[in-house]
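To keep things simple, chains are lettered A, B, C and D as they appear, and every chain counts its residues starting from 1.
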């Protein structure tokens, strides 16, 4: 890692709404500047996207944004980020994505002028490269439409650039199912890091060319996949917690290349990125239960600067359209945090403490999101001279913390989980400091038909 | 056993009982190896069985000892995977343990292959599975295919992003196979409907099973598929009911 | 009102999770005894209920309860109330409702035995009498199936009895649309009070006969209708706030007749009932955005003992079924409150303060739910010798509080709202103390073809 | 006006102009009375017009003064309700104000009744509305019916809990009428589909408009209704497009 020292060293400074390096947006949001804002994400109901339905698709997006912003105005919202996480066709045929942004942005502008509500669009194209297997991370033609959508989408009104990039996923998918922590570390700290560098250099350049905000990435496809699998009791929760920690060294590369935050909502590595780099972050928890259940409903907002619902279909609930209902739920959560920020340090500290104690000892994945532990593990993540060593050291520290919480009786772990602890520790300890040696060690164990080393500059 | 056996008969009998018990023992051991996921002797998993024979070696021995291959399949592999499947549905083991069992079963199957070819052993049928066009999510699909395989079916996994043609092509190669479709995106689940119609056009009596997070029984009815299951165990149960 | 003195006089004692008269349930919940519990309510997706679908209906209820309780166990829930608010056919044909309760109760018992999760069913039949117009509140044959469902539903496993009774609604519906505060007061403090007395005497008797809990009613059809209309900007919010206050004198009659709480979730008069009678209450706010939007998302839980989602259809969201997602959201909200209760008075007071300050000055309907104001208005509600006088005095006090908040600059009210304040005051002041005189005064102004006085014992 | 008028012609002209201006003034005053919701002289609402003439008196005078009834309808009542409807959609007035306007319009209509009967005045058409079987929610339905009436349509309100037969019965009495269905419960919205089919069986070209909180455009398509509107204004616009 390029970072050698934490920007936030004191856990009590890791606080919602406050980031050492706030990000200002054109319509006047100051993310991390003392207030938490809602980030609303929504998607289409069950439907096809093609020539004959595309007008209907546009209708869904404009109707939803209008409905949500109406509600936000009604609730005196301080500002909203609308995340536009594209569906495949919208990146594959960038003109569709661009048109949607244009129309949504007109509405945002309208609400800004008429009601003073500041709203920005986060543009998150798909990483199409995963459609080719083995993936051509650097030479794929599919990079073209992605980059086109970034470029023209910014012009159309996308102000914050993000992506859930997938470098290393071809290895991680199988490693997750096998609970192979070395495989995961290889996927994230070797392949992921290298792909992030390649991709984010491009994105940051694009953003700079138009004066836009290169926001950040998310290891969703790795660590949230692990979390979802763990919630289904498919893999151990202790394993999923380590995957989360390892994902930090991969996602931080966006910042090393110049991204400034807010990172993407589904990246629970956010608190680490905030501690290490000082950027503001987007998080999601209980109010994202529409998109995934989680063991971190409250603790996830302990140091959030944006608070998101991850995604909800534009379907009708008893009250009205689901995105409008979720807009309301987010706004009330956010109000609570903002009231606490306004009321002063005692109030905000107590609210954070409650959010943390609510979940901390219910799941190792919650444990590693508690500010104290984030700082302790972040420090470990900075030790070592390679991303591989960083990741391993961070994971070992997390393991210590998990074991300590168990042996002290604070966190109860069932036998099924406990048997994994020594196995995971052995595996982690067998990982060398040096990237090259690690690659050598791993190659024989991996199915090399699934990935192409040269596509990662190896 | 005879009530008053001659000496010779008695001996043959004892020998039979002896062989029988050896065979029974092997069948039980293969079952155990698959259940705990012991692939072969050199496999380090599970730690407590390090160095012991695995499904591979035990199956070799069983065949040499004259255990009928069909018995190995029916009385070791399938019951073992059934236990594993049940434990998994009851959240008593994690996926990697199930995967190791599947691997162990695979190691045994390698030995049984020739007998399948000769017709001496029969699987329950063929299950063609794939994630529908436009969709790359495959973790759920892989779990289903693993469990169905464990249930004694031959699997044809078409991977992800699979268009109708590829399913039909596979059906031409495996007539009578059951088809499984997986989708995780609300935008791709609609292609399920199209694929179902296309398959029905090609062969109206093919059984089609669907699954994936956004799918449900109601949707299944609407698109005219035959069954929806929320999980792998349900898929195995449905398939077994089909041939019951 | 029979009550002459508040049970809770000190606003700081009006606290979530704590009621002077907690209610213990058979499976061991102590509602109002120091912990807040979730109350989950759900309903069918768009479908018909008849002979051919009834099995599918049962399937929805059992599947939902299983899914929700699974999630509750996963999240270490302290306990859940499942509200069974029947759909019409389930009261009209009580055997359907009874069968649903039976099946749900078996699942509850199963989760109690296997996982130690205490769960109870709140049984809320429909008030069928409104199907006849003019309504035959006392002589209707439709009372029979309602009472049958209560009686046999208890035996089948319904432990808490509730209803949203509709006495006076035939007058209130029109009065709401005309913003006729006298009409509303007549509907609630005359007709509503008399019908509540008639109905709740029966319900309390039934409950006692089986040792079950007569829980409480809700003026949903009156005050929440007003709130929904105000959210749509159809009627003034100041008017809706007064309707809420007036509804107290009607809902409190259930307690006068022997109901012990928790009152029904959609009754935002709950805090008043708690102050006046000491019962535990059920409330709903942001996490009921699936059922209705509201201006009281956070403040509604300032003194809740149960926290509810009001209702969500059993439809699929991206994460899973909607009731499961809402179960999770409720549990996390509840955890926060319970952590605060555990941490001590400073923490719980600060959390309550944040919940209150979040909403208090955004809407007069929020203003009248702030503990201070609840106590002040409750005191006014106890003055006077008739329900009519009680209601009028409470409403006038609420009006004072609203005006004060406006003139002091704490709450901004638009011109459109302000013009209603003097009109409402005049109207209220014209109401006499005496019920008989009030009835005389109102009769000429009302469409008497719409209600039958004798059905209210007049 | 003539360029060089004779004296008599001039006088007639002036008289015409005078009468014309009186008539214009009356038309404008009725419009205003309906817009602000001044029903009649003794009505206390709106407070600032206490004691002044209301829609009732102004319309009496207008008819006496020879203002064509159709003009009163087209140039006073409908435009007034259009303004009221617009203000309401823009959240500039509350329902009671709209209701007072509707009452004022009603007071004027009482005077116009004879002319409708004689055929001297025509409404835009008839709108039959009701809340479907099993459903008692009527607040939304009432708002819609009020606004549509204000838009110049004749209303037949069937109330709540209305089965298909009652809608068809009303159609036999008002052939060519447009039908509006309201439902607020997810369990009753399904009866909409049945009612639509039953109406279509009876007269396939009847236009059917649906609304209510759980309903949406997609559902409208699915059950084969003609239009969905989320609010009263949309209903009025749709109806006006029908006759445009």
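By definition in this document, contacts are C-beta pairs under 8 Å (C-beta built on N, C-alpha and C of every residue); 3 or more make two chains touch, one makes a residue touch a chain.
If you're wondering where the values come from, they're calculated on a predicted model, not measured in any experiment.
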| item | value |
| --- | --- |
| Chain centre separation in whole Å, for chain D relative to chain C (CA means) | 37 |
| Centre-to-centre distance between chain D and chain A (centres being mean Cα positions), rounded to whole Å | 54 |
| Chain A: positions in contact with at least two other chains | 43, 45, 313, 318-320 |
| Shared interface positions of chain B, touching two or more other chains | 186, 214 |
| Arrangement of touching chains [line / ring / star / complete / other] | other |
| Chains grouped in pairs wherever the two touch, ordered by label | A-B, A-C, A-D, B-C, C-D |
| Of all residues in chain A, those that touch chain D in their complex | 45, 316, 318-320 |
| In the complex, chain B residues that touch chain A | 91-96, 99, 134, 136, 138-139, 142-143, 161, 185-187, 189-191, 214, 219 |
| Chain B partner contacts - residues on chain A that touch it in the complex | 43-49, 87-89, 130-131, 173, 176-180, 225, 229, 233-236, 313, 416 |
| Of chain A, residues touching chain C in the complex | 43, 71, 74-76, 231, 285-287, 289-295, 297-298, 311-313, 315, 317-320, 322, 324-326, 328-329, 331-333, 335-336, 339-340, 343, 346-347, 350-351, 353-355, 357-359, 362 |
| Chain C-facing residues of chain B, complex | 186, 213-214, 216, 218 |
